[in-house]
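All chains are identified by letter, namely A, B, C and D, in their written order; residue positions are counted from 1 within each chain.
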Amino acid sequence: MKKLALALLTGVLALNLAACGNTSSNAGGDNNGGSSSSGKRTYFMNPKSIGPAYWAAAEKGAKKAEKDLNVSVLFNAPTEADSAKQINMIQDMLTRKVSGIGVSPNDAKAVGPVFKKAASQDVKIVTWDSDAPETDRQYYVAPGTDQEVGELLAKTIGEEIGGKGQVAFMVAGLGSQNQIAKSDAAKAYFAANYPEVEVVTTVASDDDQQKAYANAQNLIKTYPDLKGIIGFAGGEPPAAAEVVEQAVKAGTLEKNQIAITGIAVPSVVKNYIKNGTIKTDIIWDPGKLAYVTVYLLDQLAQGKEITDGMEIPSVGTIKVDGQNVFIGTLEVTNENVDSFDF
Amino acid sequence: MSAWTSQFSLKSNKLVVQLVLLIFILVLFSILSPYFLSVTNFMNVLNQMVEVGLIAIPMTMIIISGAMDLSVGSILAFSAVCMGVAFERGINIWVSMGIGLLAGVLCGAVNGYLIARHRMQAIVVTIGMLVMLRGLVYVINEGRPISGFPDSFYFLGQQYIGGVPFNAIFLVVMFLIASFVMKKTRFSTYVYGIGNNEEVVHYSGISVVRIRFILFMLSGLFSALAGVFLMSRLASAEATSGTNIELDVITATLIGGTHIFGGRGSLAGTFVGLLIIVFLRNGLNLLGVSVLYQAVILGALLLLAVGNKKFNGV
Amino acid sequence: MRHPVLTMEGISKEFPGVKALSDVNFELYPGEVHALMGENGAGKSTLMKVLSGVYSATQGKIKLKGKEVTFGNPLDAQRQGVSIIHQEFNLFSNLSAAENIFIDRPEMTSRFGRIQWSKMFDEAQRLVDSIGGGEIDVRKEVRHLGVHSQQVIEIAKALSFQADVLIMDEPSAALPENEVKKMFEVVNRLRAQGVAIVYVSHRMKEIFEIADKVTVLRDGTKIDTRSIDEVTEQSLIQMMVGKEVNQLYPVRKQEHGEKVVLQVNQLSLDSTHRISFELRRGEILGLFGVPGSGSHTIAERLFGLKRGTGEIIINGTSVRINSPNEAKAKRIAYVPPDRHRQGIIKPMSIRQNLSLPILPELSKGIVMDRARIEQMSGEYMEKLRIKAPSDQQSVDFLSGGNQQKVVIGKWLAAKPEILILEEPTRGVDVGAKAEIYNIIHQLAEEGLSILLISSEMPEVIGLSDRILVLYKGEVVHEFAHGEADQEQLLQRASHPRLEGGTV
Amino acid sequence: MKRLLNVHEAPIIVFTILVIVLFSIISPDFFQFDNIRLILDQNISMFIVAIGMTMVILLGGMDLSVGSVLAVTATSVGLFLSHGIHPWIAAFMGIVIGVLCGMVNGYFIAVRKIPDIIVTLATMYIFRGIAVGISGGTWMTNFPDGFRYFGQGTLLGLSFPLLTAILLIGIFIYLLKFTRMGRRIYAIGGNGSAAKLAGISVAKSKFMVYVLTGLLVGVASVIFASKVGSVQASTAGNSLSFEVMAAVLIGGGSIFGGIGTVAGTMLGVLFMGIIKNGLIISKVSPFWVDATTGFLIILAIVINTLQRIRQNKGKEGDLV
């Protein structure tokens, strides 16, 4: 009991300290208007997680914006795509009194409360890559909507396989919202446009490359008539392509028997595209996505307007539709694969 | 009082080290970051530590009793999703919460039944449950997050009372109750006894099976509670919530001085260990240190804090 | 004049603050069994640890076969010909008997480092056979072997190093009476082979049966070395204790009551064996039998550790006992044979150990009532004369005798009607033994019914009002008080019809 | 027949056969040469890592860091390759890094005598951080063709990684059964203090085991990287330690040490591999896969425990 009392006492003491510290920092903070001491505007860019190549490419864009706009950008996220940890981190950053946050939420609903809090502190909020509608976010920056992307993927594969046959979906996580939204859109698109396409199953890798690989192996084993695979996250298309290439080499599959498309960073799938295993890969430049997000945050923080068709340096014009900002998707093919630097 | 606890002399000495470490961290970050030392920040941290903290309570007891429960994260998600699904079916939110808690207790009971009654290895059983329950979560809600709970429910995780988050108050109260239980009641003697020598407790006419069973049920209940609070804080029940939370919980417990082989440890220590972890994370976040290095720092801290102690009997 | 194989000269050993041995001289000749006696704390085990390389002496030297030696560690000592068999076996239960004997020995591998299993099995079997363990299959894992077989493996392990000196620390402690006989045969064989044996034991009877010489230690100094013919039990005890010891077993002042407290009808010990007996108020009923006789199982059944069929009637009511918890509720208490494993929680305090079984009675609601616990533990510390600076002391630091008193005390605090004592004085020195016997007696006089299960015959004979002799799950004989002597008891216990069969 | 049932691995063998029969009934594709090869192929790195874990568990320890070690080594191999280092040298250096990681674990566990679970929990964080740190957050991919040999090549008409695994399994079965080093591991796991008295250097053996485990993880990671074709430092080998531990325990190992065999563990890995493959082949809904896997793991352990209880009943010395 004594020990616990001691522990609590320490806690109370620390809080007192904190209270003192708070007033003093407030006193100092008033002078520079709540921004950091260097006087630069600071933005927190928060992807879903740290580690995947996709987010690493985005970080480069954010850093570029940091330099171009002469602001300070913090780029950080938990190591796993966990919304509780992500929100903890956003809360911490609100404490740091950043001028704006760019978030790619793991869970659209879960960020609601923390966005509300951020808005009440006059922190600008822009979501990017994944949206959180019905929250206090001001804009959503995306290549297109999840629906558009899903439909595009479905259209690509539908065309490649001639509109009929079995297709399998590979996703990063069965519980991941943007994965669900995209795959649902793809399913709906098949139902509407290619009724003869049958979606046989959806397998999840939990972002584990080896599991994705094993999943792909099991797919071609289980569904000998499989015509196409759509990989809805960065790790899935390369795994599928690797397996298919190996199977072709081993003679168990015919070349081009299975069409593969999906969302993947060009540098990762470069070889597969050159080999023709993947004909078309859908991607957008995550760096540009991040760049635009920082740019918008900076505009908002300075009280400037966001208008449709506005020109963003080193990105180009953007399309603004209500609160949505679209930078457009890219199709990576054999012809243009070498032109990407991410 | 102090005399009554002093028999675990190893326990009491350790706490001083942890407190020094905690104060060191607090002072360090106060110097390094102008944002660290503020009431809002501290309240934030308290608000964030609740789920790990709630689970750490039974985990400490279970580790003291010489076992381990790795399935807590999956139980958390399972009960949260059960509650969400119940709510979606139109059941009153508080009744749904009861269902969620019940689900957690049931999972704990399954663990307890296999481990206590059939003397199976706790680590193995709970790894199995970890995989199975996480799978069941996907079966139940097909991976879709559940949200749209009434505002009254958000009280649990988002409301502040007198500037202090309600869930943090709840956590502290739980820690005080649990600490009381682990000091003043006979249950504590049994738990420490089982951790030191299970057979003697059995030969003293005390049902070891029942104590172990209760411990795992408690673990289920608290994991479910953590699930409820997480749902309320995030306003959403997700299939992935609580993944790897067991590692955080065990790390906090170990840094708090609980002996990995059982028999020794205290809830006060765990509480301090918890504060060390959350403040460390928070401070590093505020400094903008990438999570990658945070992991390295946490690992090094674990080695330092726990590693320099004597582990006799091995 | 033969030369001693081993001489220890002027051995002293100091620990911080304690002088455990001072200036001890010890000589050992080939082919002799030399008993080392002394109360607990007299320095026997320290001396043996010095000899076997566990400790190094602060002063003095050890000569082996005339040459001065130093042992860096036990293995070093073993290689030079001094092996020790500890009271608690150091076996690998997960490995075969043969491997236990030859673990990590380069001579069992081929030139290329491959372990030659068949060679190992053959050698091990030969070794085990040579000391009369022919019935042991050395390929079997040790956890499937009985205690005697395990001891044979320990001895074989020691001999595999060509031991000149073999130290046996309480070798009979873990053995049942009939297996002690077998162990003696092994010892005699070794003696004939010229091995010098140091035999550390508390048991008088064994010393007189097996030893050639005896050395007595007291308070870290050597009292004397004598030939066994020159001493008597009484004089040995006197040398050990340093004063006259009165009668070890107290005399019963009053007869036990007539009321039957416990009646056991057709209690199943296994699928075929049933047993019946009754226990009266204030009676000490001795149960004697070699392991496998079922006496241990009776205790387990009565205390709910094992389940089975049959009727248990307490004070005229038939009861069911399926767990220790239920046994406790029926006011049955059990002092188990292995206090380290089943009796005490070492890191915990005397007070916590004493209060463990009766915490519910010492609580208000779920909260422990500290005042009552303190009062209770004080009462039993005093009643049992547990020697410790305070009841907050961890039981780990107590002597064996005091630890045993804690085990007895925790059950007395539960105020039982029936007390089952199994091996109540195992590993306890003479002084504490007498005290424990007194306590047992006093309890019986106070009306407690006691079931005494022991493999020490003098104890059973000296204490019991009545003795039931068990053999393979049956009561084969009943002795009334004063009827039995050791010879008869042993004869009945190793049943005439099935002499010497293994169990 | 009775002797057969007394083999330590009997329950898991029987249970595996039952599962195989079940899957074969459900899906005709299951019990085919192709698919069996597929299962083996998918679990190569599991097999190899599990050898190390078996030794660790035999010592009475556990190693939570294997997944992170795998990430570190695979990432470094990727880095070496991207710097144009020859595949064989890169692979060798990767294995050396695995050994180094094992030495770190071994140092803290054996020399500093910190409980293994604490050390490996800590190094699990540390190695993962290092892995992602050196990767710079990018994927290791586009490996040169020469590197593919480790995961996809053939030797004498047989798969190279499979041969490697079989060779390693053979070596370690021999090591554990026929060398003093292997027997020391059993002795330490069975009774640590007795092992010390027998002159066995517990610290040295423990250190060796963790180093060997590092080595094996290194080998596994090279095969992993080559086979999968890309490495993501943040997630590679994420759930590996739990899965491998489960495999060891399913294969008859005891978490308390001293009991278990490499052969049993391999059965455990195979069992888990069969379940994962079989459930997909049988077209079970993906949502059910994890749930069923967990359930079968628990069931396997239940069966193992029952077997142990049955065996312990036949102990000499108990009453009749």
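One rule holds for everything that comes next: contacts are C-beta pairs under 8 Å (C-beta built on N, C-alpha and C of every residue); 3 or more make two chains touch, one makes a residue touch a chain.
Everything quoted here is computed from the prediction, not taken from an experiment.
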| item | value |
| --- | --- |
| Interface with the most contact pairs, given as the two chains involved | A-B |
| Most widely separated chain from subunit D, with each centre as the mean of CA atoms | C |
| Distance from subunit C to subunit A - Cα centre to Cα centre, in angstrom | 70 |
| Inter-chain centre distance, subunit B versus subunit D - centres from mean C-alpha coordinates, in Å | 29 |
| Subunit A and subunit D: spacing of chain centres that average the CA atoms, whole Å | 34 |
| Shared interface positions of subunit A, touching two or more other chains | 50, 79-80, 174 |
| Overlap residues in subunit D, where contacts from two or more other chains coincide | 128, 132, 286-287 |
| Contacts with 2+ other chains: residues of subunit C | none |
| Chain-chain contacts as defined at top | A-B, A-D, B-C, B-D, C-D |
| List of subunit B residues in touch with subunit C within their complex | 3-4, 6-8, 181, 184-187, 189-190, 192-193, 196-197, 199-207, 263-264 |
| For the subunit A and subunit B complex, residues of the former touching the latter | 1-4, 6-8, 10-11, 14-15, 17-22, 25, 28, 37, 50, 74, 76-84, 87-89, 91-97, 106-110, 112-113, 173-177, 180 |
| In the complex, subunit C residues that touch subunit D | 73-75, 78, 90-95, 99, 103-106, 109, 113-115, 117, 143-147, 149, 269-270, 272-273, 291-294, 296-297, 472-473, 503 |
| Residues of subunit C touching subunit B in the complex | 303, 305, 323-325, 327-329, 334, 336, 341-349, 352, 355-357, 359-360, 362-363, 366-368, 370, 392, 394, 410, 414 |
| Sites on subunit D touched by subunit A in the complex | 29, 34-35, 38, 41-42, 45, 128, 132, 135-139, 141-142, 152, 224, 227-239, 276-277, 280-281, 283, 286-287 |
